[in-house]
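Report on one structure; see the data block that follows.
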Amino acid sequence: MDERDLRILMAIASLGTGNVKELHEETGIPTSTIHYRIEKLKENGIIRNDLLDIDIQKAGLKLTLISDVVAEYGELTEGQVGEKLANIEGVNKVYFTLGDVDFVLIAHLTNRDMVHRLVNDFESIPEVSRVSSKFVIMTIKDEPNPLNDYSLESLR
Amino acid sequence: MDERDLRILMAIASLGTGNVKELHEETGIPTSTIHYRIEKLKENGIIRNDLLDIDIQKAGLKLTLISDVVAEYGELTEGQVGEKLANIEGVNKVYFTLGDVDFVLIAHLTNRDMVHRLVNDFESIPEVSRVSSKFVIMTIKDEPNPLNDYSLESLR
Amino acid sequence: MDERDLRILMAIASLGTGNVKELHEETGIPTSTIHYRIEKLKENGIIRNDLLDIDIQKAGLKLTLISDVVAEYGELTEGQVGEKLANIEGVNKVYFTLGDVDFVLIAHLTNRDMVHRLVNDFESIPEVSRVSSKFVIMTIKDEPNPLNDYSLESLR
Amino acid sequence: MDERDLRILMAIASLGTGNVKELHEETGIPTSTIHYRIEKLKENGIIRNDLLDIDIQKAGLKLTLISDVVAEYGELTEGQVGEKLANIEGVNKVYFTLGDVDFVLIAHLTNRDMVHRLVNDFESIPEVSRVSSKFVIMTIKDEPNPLNDYSLESLR
Amino acid sequence: MDERDLRILMAIASLGTGNVKELHEETGIPTSTIHYRIEKLKENGIIRNDLLDIDIQKAGLKLTLISDVVAEYGELTEGQVGEKLANIEGVNKVYFTLGDVDFVLIAHLTNRDMVHRLVNDFESIPEVSRVSSKFVIMTIKDEPNPLNDYSLESLR
Amino acid sequence: MDERDLRILMAIASLGTGNVKELHEETGIPTSTIHYRIEKLKENGIIRNDLLDIDIQKAGLKLTLISDVVAEYGELTEGQVGEKLANIEGVNKVYFTLGDVDFVLIAHLTNRDMVHRLVNDFESIPEVSRVSSKFVIMTIKDEPNPLNDYSLESLR
Amino acid sequence: MDERDLRILMAIASLGTGNVKELHEETGIPTSTIHYRIEKLKENGIIRNDLLDIDIQKAGLKLTLISDVVAEYGELTEGQVGEKLANIEGVNKVYFTLGDVDFVLIAHLTNRDMVHRLVNDFESIPEVSRVSSKFVIMTIKDEPNPLNDYSLESLR
Amino acid sequence: MDERDLRILMAIASLGTGNVKELHEETGIPTSTIHYRIEKLKENGIIRNDLLDIDIQKAGLKLTLISDVVAEYGELTEGQVGEKLANIEGVNKVYFTLGDVDFVLIAHLTNRDMVHRLVNDFESIPEVSRVSSKFVIMTIKDEPNPLNDYSLESLR
């Protein structure tokens, strides 16, 4: 996977489309190249289906971290503190929870240096008072579409 | 959103495609209806983009739970115990983690009775020795595509 | 249950009486209506007995939260901090306890948005340093009169 | 407060009525005596209002305990284990909660020996694996009617 | 046990002697009275032996509390903070410990109001940041002389 | 301090007397020797006062440990399990407490090997499921007579 | 660093010598090669000094884990359980500690798959009941010779 | 082991060599004496092998402590705070970890007074907010060279 592949994948993600023309306008890469590259990415499993879901492990985000964050809000609302956390690069999910932690975060990272960078980013937010992170050894299930977690009978 | 909408959404999720013909074969719903319904679902925001990403809140999965699970493996591997957890209806993510809990799970549920049912399902797995669940008050970020969490520079 | 019912129930609660005339003076609702309404509320189980005990689930307070509060008293006494907690809308019980938390609170709420509001109310009290709340899945016993918890022999 | 007072109070609690005739049938105490005694109990504050709410401190239940219970259900449901806890003398509330404890209980006791007895009763339930109890130093709020925790505007 | 008994017991404790003459000088109580009273206190078990060891339960100190204290020392040494704790009335032992609490204290109290007073005294020390107290249900062993915990062989 | 001193000190402790004749009967050491030795022990501070209180540090019990014990009672009562703990050599106090540990123990030991032995002794009691011990760095207060913790006014 | 380098380094470690002849006997690699290789390993910093201390990061053990282990000894002594832990490949230090964990371990690993393997190895020891591991982000100090932690004055 | 031995051992440690001439330059002790002393230190096991690894127990560092440190960084980086910890006399290892503590430290000490001094040194660093230390009862494994923890097959 070279930089062109990466640019195409990121354009798909940011535009929320697989439309080759729109991807061309975003990236400047010729449409035929985009078409060809997407096929290749499907073949080697980085793109998993027609909906262009990505296999994040294969796309290079090998490390996953789950972080429990305790905050002191000061003048801010919990929504504003949550947004600061959400803006940290690599942070994929931010939940504001009931219980003894305020936020639970999930982050996907490329390598170990990024772990260090992420911990630094947490520290640079003054409202964050404690972070406790868990390292994921193995991702057993990560279903992109929660409807797949159910049978039709249960949701009807 | 009626049952037809639900059946179309679940077919999209399980087949991993937005191809109207394949969705017709799966659901038996006429292709023109499928086409029309998907447009409507987009209009009211349940389907969010060309890639047919779903807004799970609007699709009815209003409650989110984060559960820390401690297990005693007995004869099983941690992968096998993880699979048992992954098979519980509503469980969307299962991470095997380093630290003082064995698994972290994220589940999306439709209503409060399902919380009770989920807790029962955990108990019915003999390898599970302790579950501690957190109720999500507000989902601040839930980005379906982790590449959107990054700038191109950071991943290059 | 409409607003008139609610006004009657709240007058019963605040006056501590079932006397129809007093309830009329408080609410302005005609005595015959009050009489009729109370009968109806008994019939559908919102009022449970002659002592006009209320079924709080049926009266709309469906959610229960138990919160452990750690405080820094500053200039205040623990009684004054406890009063601040007691004045938060929805908070029903406030206990000052020996151990690693300072206060245990029980709150009854109507819906999920109120959970968010309650968490905000805790944060707005400067003496509160940490709150950890538990969500009640099922209320197994909530006896309004503690004497019912005993046999005569045990108290004699 | 003598035993007759106690018998009247317990009849009020168990029948859920202040009807003197019914109380007479339950207790065998003459109706005029019941009437007189209730007036006296009101005068010294043990009965607090027309709805015959009791001041449990004055009625002799001076100690309050809040217990966190962790259980192993075995063959039973959590409802059945909860019932066992609810049947312990002195236990007034039993909540089945989401989080790292299974049940939260509130008990009102007359004296310190009862604390010892209560701890023994917990131990005698085989499904109970851990109990952690907090001693209440001061009850700051214990509102019998949760509607009093709200303004009309908030519930409307 | 009346106040004279109490004054004699406290003189024994503060002077560290059972010498009747010295006790008379301290208390002004006639020597013959002191002699007689000590005999009576022995008879009913408040004084337990020739060494005038006191049964603290019988002497009125019925409640025992064990408190874990976390401190922020600021300008003080841990010895100075420990002294502040040691000076609180009722505090009998103060240990400075290695681990996640700084001090462990044992206090003996006469009644429940003193618990409240003790908690207030802890709060009034600015260096104390957290106190977690355990209520003793039953004292199973409280040997005044640690040599009795050993056989001669083990100490030789 | 030689073995004769130790035998005298242990006889004082076990008989609860300073009576030279009784100590002679217990130990076989001549009364004049006992008298002389006690004077010497007072001079170098091992015996602290007329009541023959011992300075346990100087008497060789240099290490103090505070242990939190969690137990599973099985067929036994908590009193019986407490007795087993009380019988471990070096254990000086055993409290049965309300809260998340069952027993708190204080032990005085002569050296580091005894720590290892003590941990082994805990393990050999089948009802003990978890022990967490804290090492005392400095004993700030250890008042043998709790009456000394009070002014006369507070106890009157 | 190729396999020959690795074999030389491991011979140095297991024999506890830098004697070229002994290393030759152990490995079969010609003495001149051993000499030359050691010089090269020094040049690129894998061997750090005359005492042949190794830079474990450069030697490939990039990951460090600190694990807290709670055990149930059953028939074994804590020494025997400790030995089982010490025999797990990659485990470098095993401490038996006083407190709420039984053992603290430090392990050095080459890659993330080894983390999974290590967790499995812990699980395969029946006496191990809980393991909680921390991932080391950065090793700030790892002094091979503890005497370097002191000035001469402090140890004299 | 006298002071000359200690000076030789510390020169070996600080220079990272066993070269007698260099040790002479550092210490001023005659080379023949150094040679003779090293042989003696080997004989009684303080020096364990040709690589001059030291047995720290025999060299007088009898006590080991493992400390979990929570820090507030303020203006500093975690690396700078880590360095402050690393500079405390007796601290041998400093790990910056992912999880609910920031640093894990291992220190080797000569006696119990040093424990007190070490706790004071932690307190004197303003960025340190909490320290929880564990006392090592027994060191089961402390392998100086981590390569010895592996077979050749596992590292190849």
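Read from first to last, the chains carry the letters A, B, C, D, E, F, G and H; within each, the first residue is number 1.
Criterion: contacts are C-beta pairs under 8 Å (C-beta built on N, C-alpha and C of every residue); 3 or more make two chains touch, one makes a residue touch a chain.
Because the structure is predicted, anything quoted here is derived from the model rather than measured.
Asker: Using the contact definition stated above, find the chains touching both subunit B and subunit D.
Answerer: Touching subunit B as well as subunit D, we find C.
Asker: For the pairs C-D and D-F, output the one whose chains share more C-beta pairs in contact.
Answerer: Result: the pair with more contacts is C-D.
Asker: Could you check which of B-D, B-C or C-D has the same interface as B-G, with more than half of the contact pairs identical by residue number?
Answerer: B-D
Asker: Measuring from the mean C-alpha position of subunit C to the mean C-alpha position of subunit F, what distance in angstrom results?
Answerer: 50
Asker: On a C-alpha centroid basis, what's the spacing between subunit A and subunit E, in Å?
Answerer: 60
Asker: Return the distance between the CA-based centres of subunit C and subunit E, expressed in whole Å.
Answerer: 42
Asker: Would you mind listing the residues of subunit F that make contact with two or more other chains?
Answerer: 78, 98-99, 115, 119, 134-135, 137-138
Asker: Let me make sure I understand the interfaces: which chain pairs count as touching?
Answerer: Those chain pairs which touch are A-B, A-C, A-G, A-H, B-C, B-D, B-G, C-D, C-E, D-E, D-F, E-F, E-H, F-G, F-H, G-H.
Asker: Can you list the subunit H residues touching subunit G in their complex?
Answerer: 3, 6-7, 9-10, 12-19, 48-54, 56, 59-61, 64, 66, 78-79, 82-83, 85-86, 89-99, 101, 103-104, 107-108, 110, 134-152, 154-156
Asker: So in the complex, the part of subunit A that touches subunit C is made up of which residues?
Answerer: Against subunit C, subunit A makes touches at 70, 73, 77-78, 98-100.
Asker: Can you list the subunit A residues touching subunit G in their complex?
Answerer: 112, 115-116, 119, 135, 137-138
Asker: Would you pull the subunit G residues touching subunit B in the complex into a rising list?
Answerer: 65, 115, 119-120, 123, 130, 132-135
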